[in-house]
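Consider the two complexes below, in which chain A is the common component and chain B and chain C are the respective partners.
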Partner chain A sequence: MKKESGAKAIPLGLIRKRKRLPVLVNLTPSLVWYVLFFGIPVGLMFVYSFWKQVYVRIIPIFTLENYVAFFTIPMYPLLLVKSLMMAVGVTLASIALAYPAAYYLALRIKKHKYMLMLILWGPFWTSYLLIVLAWKLILGYNGALNSLLIYLGLIKEPLTALVYSPFATILALVHIWAPWLAFPIFVSLEKMDKSLLEAAADLGATPRQAFLRVTLPLSMPGVLVAVLFVFIPVVGEFVTPSLIGGPGGIMFGNVIENLFHRGTNWPMGSAFSFVMLVVVMVTAILLIRRIGLQALMESL
Partner chain B sequence: MPRKKFSLSGQTLTFYFILFSLFTYTPLFVLVIFSFNDSIIMGFPLAGFTLKWYENFIQNDTAISAIINTVNVGVASASIATIAGLMAALALVRHRFHGRELYTNIMMLPLVIPGILLGISLLSLFSFLGISLSLLTVMAGHALMGLPFAMLVMMARLIGFDPALEEAAMDLGADEIRTFREVTLPIISPGILVAFMLAFSTSLEDVAVAFFTVGYEPTLPIYVYGMMRYARMMPILTAISVSMVLFSICLSIAQDAIRNR
Partner chain C sequence: MAVDNISFQVEKGSFFSLLGPSGCGKTTTLRMIAGFEEPTSGELYVGGELMSGVPPFRRPTNLIFQHLALFPHMNVYENISFGLRMSKTPTDEIRKDVTEILDVVHLSGLEKRRIKELSGGQQQRVAIARALVNQPTVLLLDEPLGPLDLKLREEMVVELKRIQREVGTTFVYVTHDQGEALAMSNKIAVMNGGRIEQIGAAAEIYERPSSPFVASFIGRSNIMKGRYVDGEVFVDGLGRIKISSEMDNGSSVLVSVKPENISLGRELTELDNTFKATVRDAYFQGANTSYKVELENGFALSVLVQNVHGMELFGQDEHVKVGWNREGSVAMAL
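Presenting the complex of A and B:
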């Protein structure tokens, strides 16, 4: 940009002046939408969190009791911690599953690698609800897996611990996210300068050393993008656990959903949402700082 | 565990890749198989081939209107997201102004906030203002969710765009509108389509935001979510699922074709 302005200083200067208004005009739609449907709602949620509800009426009196409730009733922080741990588990398991597949596609395959990536990505385009539905069918008491095992004579009674458990929730979530994760990891591996690996080999590195010192660090941006887009939605999950998690699979999102959807206590739900929001935002800011916006754009 | 892989041959990786693909696709196979299975019980042994679940699905008015609702909401929200996203991207990529980086970062926020929080905050707003929930309120939320995606895609496109082309057009006497229509638009139109489809599929997939902002008319995911509690609805749901999968695959193939052009 600066280089050019030396050669054509006058026209560029003119254009720039003419374009000051368009900047404002161009930003207006997104700004209006964000203020109306994002800024104000989140602000309202924050305000609600300091009010209280008596029966069905929300009373606008400042109180801290919703936050006090969160920190003094052990069940709530424990559920948040449980949700965070499930999200960490899902993220790590998904990366562990997706990384070798992405590595294989990016570094071992010569032809049709984008086609293969697209095929691998296919299930992500199916609404994630359908994946949950499929797992419900597979893991159910009279479901596909149990009936198949009985049909084959491997078991006599259906296994009961399959569906309606935290395990089912984690399995479905890993299945939803692992194929998707393969993509950003694939992109960062694909961008890597392959001659670096040859250089490492020439300098006497074993394949394992080359992987740990060259490939893995260079693919970290992809892995971090993956963390960002898996960890955060999973922390806020309430749909998957409500369908296949059973009583033991309840997550923090289910508590919030309950406080809101049955209309039982919006201010308390707002306070809990705000606690979740803070946790998520801190994670996101730390991650985005590490990744940079550029990598984020390239991963889409 | 991952360490071992490197002393292993390429064949092990190939084998792993096949296993991973199988894992990815197994649930879809299951849905396809049971959608053609002539029994209300979703188990083995299979009962025989039937198309009746697809017939039931097509004759189910609620499901069909849910699909129409979903498409309407998707098209409307994706259009808003794409237009607003394109305009924002134009300002952010082409101009250096104070607060540019901050604005970009703020625009990214809905990407990194769980859907449940977006849904709840929108519900709070609508109930505070006394606006009754409908497909319009869903659409407002979906446009918000699609906007950052659309903007990121457009920014990526515009960064690779040589502004000299526009300057040349203006030097040759074209005004700004004509330059935009005849130079800029043709170059960025694949990006616009990708942005639209990305925003559309965000809307198509969403359960969390719609769950809190939907009124009496459901979108398809909300309908499916509600019906998943009833065992007798399962076979029809598999038929709906398989149809949706086919539709999504077409959408993603189209998007990839455009992206590579």
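Presenting the complex of A and C:
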């Protein structure tokens, strides 16, 4: 309303131009960044994925060979499915840890809750690599966990299956991501009108019913944001599994990394990246559609 | 302490209001009935049952929140049926009850609407229906009309009274708006500073305020302070006025005269108290004209004159007479 009344004095065209200019100025840096470091590389990869490599030479001839390879060699789809399952595991375990913490901080604590939230973020401020290496020490053959179990007399010989396993990968990833996840959940619980819980109680809902019918559904956008934040990067993980995953803990991301890095088959690596991208995007879209993009963004 | 030493009874099926300025403890009192606050001492009975230690979800009361607190993730039907679903009422019974209450609050056909898609007045009605459908022993209302604009508020006052008559539930209504309280209530408790100042029927509270606070809070009274001697009060800066009640000679008293009990005209006859005055302000309000007048000795009075047909209107600086009969005033010992 205010803008309209202010516009009356000057011709409308002028106003439009004047308004458009700052918008462009504001957007330009991020737009340049986005195009240079996301748009162009992704476009290049897309083109590469339809080329082929012979020894060290990339031959720019259109072929579907790389995509065919993915679907005809069973190891690749299986590894992708395994990566998805591990990502689901990491996400679920992280939420199971993060939700109660976020709930407690948002609804039960009155004093210092923002400070406590900051402290909860502690692991996130530690180097990613340090966390993974710390788990290597804890889970290793002569590690802290084996020593403890032997000391307690629960085992005679150190367990070898602890480190270098999918389990170790999941553990480290949960450790890294859980504090992150608490944040969007905390925000959506904080934003919830607390009188809704009183209303639920007033209408005869026990604390458990009130949680299931009111708190949980209203915090779902935050949970979903958390899921997207964790699930997507974890599907493509390759550092953590290569450090403590061992041969059995290999994920699809390791395959792609090998194709780019050691195997140097960039076209195939590009194609595999795009397969993963499509799978992750479809999952994300299905999840977002359950809540709606707007509700999701508003919960951030 | 928000509330101190209050005691009252609400008659079954009546419309009872807790009226007072913000911070007077009326909402705390309501929340104690609902079970969200525990009194540190004293007892609370709802329908003859002692409520000490009973959590809100087991009380036979339902509260309509100031900001309604409708569930944003549920539609109208799901909101209204919430209480019945919590008490595990059979589905067909829920459907019947919800349909019935939707009819009472005039919302039939809007079952599937999201809360966001409703107007302010419709949201009010959903909140009322959501509480009433549980057939509470007492319905508690915490200034539910506050967020509405004036016209809608006036409509809802009529609506609330109609709904209360129709369902016959006991209503306990919290408000700072004396107009709402006077229009709807069978009985009003005027609260101030955590205490109840006066309990009575609307007309009684309005006509016969028992304390200076009630006199000044209800309506816009002209308050005069003075000393009582033999049926008259010597008011500081005004002079002698006659009052109807007997007080102790020499005691300090407060006299309250409602603006509508004061007559204003060129000539006034046969009034107990008459003064010459000058009009300082005149606000024409349609049905009434509100005057601010100044007496010869500088004392200011508010006068409200009903604009009956042929009534003379006075403008600024016109000289008039004002007066009232002793029955038109209320005197309180200080």
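Methods note: the second predicted complex is superposed on the first by the 255 of 300 C-alpha atoms of A that agree within 3 Å, B and C clash if a C-alpha of one lies under 4 Å from a C-alpha of the other, contacts with A are read in each partner's own complex, and residues count from 1 in each chain.
We take it that contacts are C-beta pairs under 8 Å (C-beta built on N, C-alpha and C of every residue); 3 or more make two chains touch, one makes a residue touch a chain.
These numbers were taken from a predicted model, which means no experiment stands behind them.
Chemist: Determine, for the superposed model, which of the two partners chain B and chain C contacts more residues of chain A.
Modeler: The partner that reaches more residues of chain A in the superposed model: B.
Chemist: So, A:Glu190: does it touch chain B (first), chain C (second), both, or neither?
Modeler: It touches nothing on chain B or chain C.
Chemist: Give one of first, second, both or neither to describe whether A:Arg213 is in contact with chain B, with chain C, with both, or with none.
Modeler: second
Chemist: For A:Ile256, select first, second, both or neither according to whether it touches chain B, chain C, the two together, or no partner.
Modeler: Touch status of A:Ile256: first partner only.
Chemist: After the superposition on A, what does A:Glu198 contact: first (chain B), second (chain C), both or neither?
Modeler: second
Chemist: Of the two partner chains, chain B (first) and chain C (second), which one does A:Glu65 touch, if any: first, second, both, or neither?
Modeler: Neither partner.
Chemist: Counting contacts the way the document defines them, which residues of chain A are shared by the two interfaces, the one with chain B and the one with chain C?
Modeler: none
Chemist: Along chain A, where are the residues that touch chain B in the complex?
Modeler: Where chain A meets chain B, its residues are 1, 4, 8, 11-12, 15-16, 18-19, 22-23, 25-30, 33-34, 36-38, 40-42, 44-45, 48, 96-101, 103-105, 108, 114, 118-123, 125-138, 140, 142-144, 146-148, 151, 175, 178-179, 207-208, 211, 228-229, 232-233, 235-239, 243, 253, 256-257, 260-261, 266, 269-270, 273, 276-277, 280-281, 284, 288, 293, 296-298, 300.
Chemist: In the complex, go through chain B and note every residue touching chain A.
Modeler: Listed in rising order, the residues are 1-3, 5-7, 10, 13-14, 16-17, 20-21, 23-28, 30-31, 34, 41-45, 80, 83-85, 87-88, 90-91, 94-97, 103-118, 120-125, 128, 140-141, 143-144, 147, 149, 151-153, 155-156, 164, 167, 170-171, 176, 198, 201, 204-205, 207-208, 211-212, 221, 224-225, 228, 234, 237-238, 241, 244-245, 248-249, 251-253, 256, 260.
Chemist: Considering only the defined contacts, which chain A positions touch chain C in the complex?
Modeler: Touch residues, chain A against chain C: 193, 195-196, 198-206, 209, 213-214, 217-218.
Chemist: Name, in rising order, each residue of chain C that touches chain A in their complex.
Modeler: Against chain A, the touching part of chain C is residues 34-36, 55-58, 61-63, 65, 67, 69-73, 82-83, 86-87, 130-131, 134.
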